[in-house]
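Structure record follows, encoded as structure tokens.
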Amino acid sequence: EPLKIGMITTLSGGGAGLGIDTRDGFMLAIKNAGNKDITVVTEDDAQKPELAVQIADKMIQSDKVDILTGIVWSNLLMAVAPSAVAQGKFYVSTNAAPAALAGANCNKLYFNAAYQNDNLHEAMGEYANKGYKKMFILAPNYPAGKDSLTGFKRYYKGQLAAEVYTQVGQTDYAAEIAQMRASGADGIFVFLPGGMGIAFMKQFAQSGVKIPVMGPGFSFSQDVLPAIGDAAVGAKASGQWAPDFDNAASKKFLADFQKEYNRLPSIYAVQAYDAAQLIVAAASKASVKNADAFGAELKKADIQSPRGKFKFNTNQHPIQDIYLTEVVKQNGVITNKTVEKIFADHGDAYAKDCKI
Amino acid sequence: MVEPVLQISNLVKNFGALRATDGVTLDLRPGEIHALIGPNGAGKSTLIHQICGTLRQDSGTVRFAGQDIGSLGVAQRARLGLGRTFQVSSIAPDFSGLRNVMLAVQAKQGSSFRFFKPVMRDRSLIDTAMAMLERVGLTARARIPAAELSHGERRQLEIAMALALGSKAFLLDEPMAGMGPEGSKSLTHFLDTLRHEAPILLVEHDMDAVFALADRISVLVYGRVIATGTVEEIRRDPTVRTAYLGDHA
Amino acid sequence: MLLDVTKIEAFYGASQALFGVDLSVAEGEAVALMGRNGMGKTTTIRAICNLNPPRSGAVKIGGTDTKGRRPHHVAKLGIGLVPEGRRCFPNLTVHENLVAAARPGPWTLERVNELFPRLEERHAQMARSLSGGEQQMLAIGRALMTNPRLLILDEATEGLAPVIRQDIWKAIRRLKAEGLSILVVDKTLSELLPVADRCVILENGRSAWSGRPADLTTELQDRYLGV
Amino acid sequence: MREIMIVTRENLINLILAALLLAVPFAANALGQPFYVTLATRIAILALAATGLNLALGLGGLVSFGHAAFFGIGGYVAGILAAHAFSGDPLLFGLSGTKQMWVIWIVAVILSGLVGLAIGAISLRTSGVYFIMITLAFAQMVYYFAISWPAYGGEDGLSLLVRNQFPGVMTMIPLNFFLICYVILLLALGLFALIRASRFGTALQAARQNEVRVATVGIQPYRIRLTGFAISAAITGLAGALFADLNRFVSPSMLSWHMSGELIVLIILGGTGRLFGPLAGAALYVIFEFALGGLTERWQFFLGLILLVVVLFARGGLLGLLAGKAKHG
Amino acid sequence: MTLALALEQLLNGLQLGVMLFLMAAGLTLIFGVMGLINLAHGSLYMVGAFACATVAAWTGSFWIGLIASLAAAAAAGAVVELVVIRRLYDRDHLDQVLATFALILMFSEGTRWLFGSFPLYLDIPPLLQGAVALPGGTEYPVYRLAIILAGAIVAFGLYLLISRTRLGMRIRAGESDREMIGALGVDIRTLYTVVFALGAALAGLAGAMVGALQSVQVGMGEPVLILAFVVIVIGGIGSIKGALLGALLVGVTDTMGRFLLPKILALFVAPAQAGMIGGAAASMLIYIVMAVILAVKPRGLFPAAHA
């Protein structure tokens, strides 16, 4: 039975790297599945919410897709997902996971194959409990940034040296680094996605300040690591996956991805790969036209994830292990190495409010 | 003596270290043409600017129609009836001559906050404006974009606008400039009739026109009025001859 | 011939302004270009400088055809232009206006300052805030600083005080006496005619009359110039 | 209105544009392609927003680089009122939210008009490029405020879930909502035409061409411009409210400088100061964006190329190309 | 909060200011002096950064990369001027806005076409790595001091070029009356191509220098563009001095705002709240400052004698 998936992701402009990894990871799984009934239409949202909405309308109204997926950014997701599910379409998120859709406003048709936004930050909070007495925490001043620090604080029991919110898109961090130096903190947690993180890490390395830096996994993911370079080495991060994972699914994924695209995949690729696997698995058991049955199949999460154990919580967000990784330089390549498991079978704080 | 329409006393304007007008005292009486002459850079245009409000005086007073207007804005002064032309013509270039004059008419009627009635069907505007254009002899060119008018025609257009404002005094900054002999002649004739409508303060370097028209002449040199008098008095004044007129006396 | 203009036609967009103008200026000669308002004097000058390139006909400067040359090339052939409306650079000081486009030759800053002492007084002032007459002097000085072979003056005395006007005419006579070739447009015939070696009158974009000033009868003046 | 009634080439083109915009959605609907109705709605709304800006920019020469502020304010009015109506929480002074479009429109028009008045009052002290930048500064303030203000979603924006209501119309049906927008667009264009031909419009246009001249006939350019700016802001604000309903979503990206820039681009593309310039520009832009986006991932490159060709070779925008130079009476 | 920290922050503010000036320098030349609104300035900045990163990666030398950034940006600038900008000088500002907006789209997407979507690596040269101790005991990154120096040299050089050389006079003359300067025998077309290329080269230099400290990625030029315009407008268009002082003012205001506002607010509300509100206020701060300055001085702090 035919199944049509609409992928809306960022393929142009500054954030295109993430979207391209998303698309490539997703298409890898679709290709591996070899299911001729599944078709995917992909369009570029240019990281603009309005454009994402327009594309979603087109995919729903003209292309008649059954499932939407692919959006990288929370704000675009918030523009598309609620109205898509209101129109009876499935949405399977490959990355963005705002708290707003995880709790009371969860929806039977909305699945998140990545995590819940807070997860990685919570893990770092938990990790910081071991050995860090006074943390300096910093994030951009927007909802994801606030969720981040909230998540960190939810688990961190020590003292806070300072809690700083920077401007979205800020590129110079001299003032914040000076404060870090002066604050007497013994550890620093930053959540600065994309270019902000690159700038911060480079400038931090130059500053001569020698306080350990940690952050959520995507701050040190494969899309930004090469650009940060040696300045990132030694940084600790939390993640549900790293290239050195020692399981068959991860090895196969890594090999396939490198063969297909000739580069190392980032976490976005893994998440999208799993999202595609989930859809493929469900499609083989149920018709997407029967939303209840298809949703139930999706929820079974009958896949081999590169992340290892993977299942869905009541709010249809993942329950998964979260690891501590460290940025290392191996054979001249800067990458993440797994150090230890921080959380086993970790869900999220909002699931209890979800009444599905 | 009749009450002057415009009375300027001790007007001073400094540009940095330069004193462009230096205590100018001057009046304009009903029905007269008062010519203001003086070397280039003497401060004539600066004085006109201060009377109209495009420049604010540093000290001194400007009284017009019986009230002190020294602190009013350009638009307020214009509404009181100060009509002026510029040394370099100043018009709305995209509009036709007619619509330029209509702008003045609507300003005179005090009604620019009307949003719905199309001006081009407003006879009260068009007819008045056409009448003004006719007086300056621009009827045939009324509907041509002002940008395409010749130099001389633009000067005429400016005068039509000042007329449309129903001005109680005209301040004309070198209206003859750039006009050929023919144009100067007809403009001289026109100004001669215009004085009956309202008095004119005329800044001009064309001495033939000044001598033909002026009831009184004031001579401004380095920001000061060095002489005021009738045409004959001024022509004979030796200081004026050296400062300004040269052999042209 | 220093300047040789033959049968040029010029347009503003679609409307034709010149319908065949002939004009020449010999080395050391002063030629007056005359005509009523709007007859095409300024347009002819713009065509000579290639600011408004003629569609047909030819302009030769010192034997070189200006066709297809950009205005700065034409200027370098030896044209010094004092344009209608002065067009000083308002955001430059007097001094900068003079030296910005200067080329080496007998005319130097000192000589220009001597010719127009007022400019020296105002040397650091922005040209925008000069009085009209001061700007006119500046425009002449600026053209002289390029050391032209042919000085073109378009209404150079417009808006000037009679004394200054006399100064400028004096300057023009002096320049002529020094052997500079001059093409001059002006309204004051009483000053213009004594200076000119030859007159060319334009009517409706055509050369209508040409000859010595002495031959310019009052009847001709009345017919072509409306005096 | 006489100017509009006369059959000129421009009026003919305008008529065709208006008719096309109306016909396409009906055709699309009949052919079972409702998405094209949505696309046409988007064109109509963007054209409305740009018509607002056109009043300030085209007539008044006020190049506002901050009209996104009004667009976004209109959007947030719709979003916030609807959110309160949904949640039942009172808004201000015990007033509750609403899902009635016409109430939202009135609030959007008044609020963005008032904000326009305030921003204009300060910005109009400057001119030229300074004006461009000060309007940008105000818009950026609103933008950063919206991003970091958590109550209504911050950067993530605010979802309306379902469209607001209009008495007697099923607004969720694309064609119905399109017709609402279309009628409002036509009304706004009518208003624009009236204003342009009116005494106020004359003064506004004259102030663009020659400020000193306007003052010397006794009209204060500042007041004229401020009024024009506020009306312009109000129209753009109304468009913002409709845009929120189209997307059922508002976010700070409606307030970003890109949005301001896009509105300017629409106007220039169509023909600055032209009655139908905004519509022509919006149609061209949206169609290009959509068609190219479907063709290639590099669509932004080609969109840029097309814009460049238009600005270099079609002076006066699309309408300038088709209808010749504008006339000003 | 210690005095040393406050002083360090002040230095950071000044440093940010100089960096902003470096980013705005090319724009000052093109926009302030030639009177052309060039929205694509940020794209030239990006071109410089990408050229530097690419060449540095090939050759292993930042310095060769830096030269490459100058060359590439100047070449891009010259081409853009010859093909596009040249036709826009006597159009109104709006056409320039549209055309250069179109150029942004083309540059961004073109760069992605050539270099891919991921940020590039560009590091500070070994010579300028690390930090030095300042009097007072704090450490300060050498590279930031180098930026201050570079900014100062550019500012001084530009000032000399514009106000002291004949080239500068001709550029300014051309801005007010292109036809006239041509009629006086100056080849203004070629001159403008050169100036535009020079402005582009400055943008490229800034892109390379700042890129090494931030991130080299598509879209990096956009925030710079807005900030650079803010800086120039605050200072007064066309004035190099104004641009420099405007940049310093913005730099200090921004840094001190980020640093102090949360602290001040923390006296009144909970720290987390203070952080958020303070952060929000800090991001608006430079725009507030700009609006206030323009409201009081409608032509910037140092209105150049311009029309």
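By written order: A, B, C, D and E. Residues from 1 in each chain.
Methods note: a contact is a pair of C-beta atoms (placed from the backbone, for glycine too) under 8 Å apart; a residue touches a chain by one contact, two chains touch by 3 or more.
In UniProt terms the chains read B = Branched-chain amino acid ABC transporter, ATP-binding protein; C = Amino acid/amide ABC transporter ATP-binding protein 2, HAAT family; E = Inner-membrane translocator.
The shown structure was predicted, so the numbers you read here are calculated from the model rather than taken from an experiment.
Engineer: Using the touch definition up top, find the fewest steps from subunit A to subunit C.
Structural biologist: The fewest touching-chain steps linking subunit A to subunit C number 2.
Engineer: Measuring from the mean C-alpha position of subunit A to the mean C-alpha position of subunit E, what distance in angstrom results?
Structural biologist: Once rounded, the distance between the two centres reads 34 Å.
Engineer: In whole angstrom, what separates the CA-based centres of subunit C and subunit D?
Structural biologist: Subunit C and subunit D have C-alpha centres separated by 51 Å.
Engineer: Express in whole angstrom the distance between the two chain centres, defined as the mean CA positions of subunit B and subunit E.
Structural biologist: Each chain's C-alpha centroid was found; their separation is 48 Å.
Engineer: State, to the nearest whole Å, the distance from the C-alpha centre of subunit B to the C-alpha centre of subunit D.
Structural biologist: 43
Engineer: Which parts of subunit E, given as residue numbers and ranges, touch two or more other chains?
Structural biologist: Counting only residues that touch two or more other chains, subunit E contributes 108-109, 276, 279-280, 283.
Engineer: Would you please write down the residue numbers of subunit D that are in contact with two or more other chains?
Structural biologist: Only 144, 147-148, 150, 298-300 qualify.
Engineer: Which pairs of chains touch each other?
Structural biologist: A-D, A-E, B-C, B-D, C-E, D-E
Engineer: Once bound in the complex, which stretches of subunit D touch subunit B?
Structural biologist: Going through subunit D, the ones touching subunit B are 1-3, 194-195, 197-203, 205-206, 209-210, 212-221, 224, 227, 328-329.
Engineer: So in the complex, the part of subunit A that touches subunit D is made up of which residues?
Structural biologist: So the residues of subunit A touching subunit D come out as 11-13, 43-44, 46, 48-51, 53-55, 57-58, 60-62, 74-75, 78-79, 82-83, 86, 98, 100, 141-144, 146, 165, 167-168.
Engineer: Taking the complex as given, what residues does subunit D use to touch subunit E?
Structural biologist: 57, 63, 122-123, 125-127, 129-130, 132-134, 136-138, 140-141, 144-145, 147-150, 257, 261, 264-265, 268-269, 272, 298-301, 303-308, 310-312, 315
Engineer: What residues of subunit C sit close enough to touch subunit E in their complex?
Structural biologist: 49, 51, 70-72, 75-76, 79-81, 83, 87, 89-92, 96-97, 99-101, 103, 126, 128, 142-143, 146
Engineer: Quick one: in the complex, what on subunit D touches subunit A?
Structural biologist: The contact residues of subunit D facing subunit A are 33-36, 38-39, 42, 144, 147-148, 150, 153-157, 159, 161-162, 174, 243, 247-249, 251-254, 258, 289-290, 293-294, 297-300.
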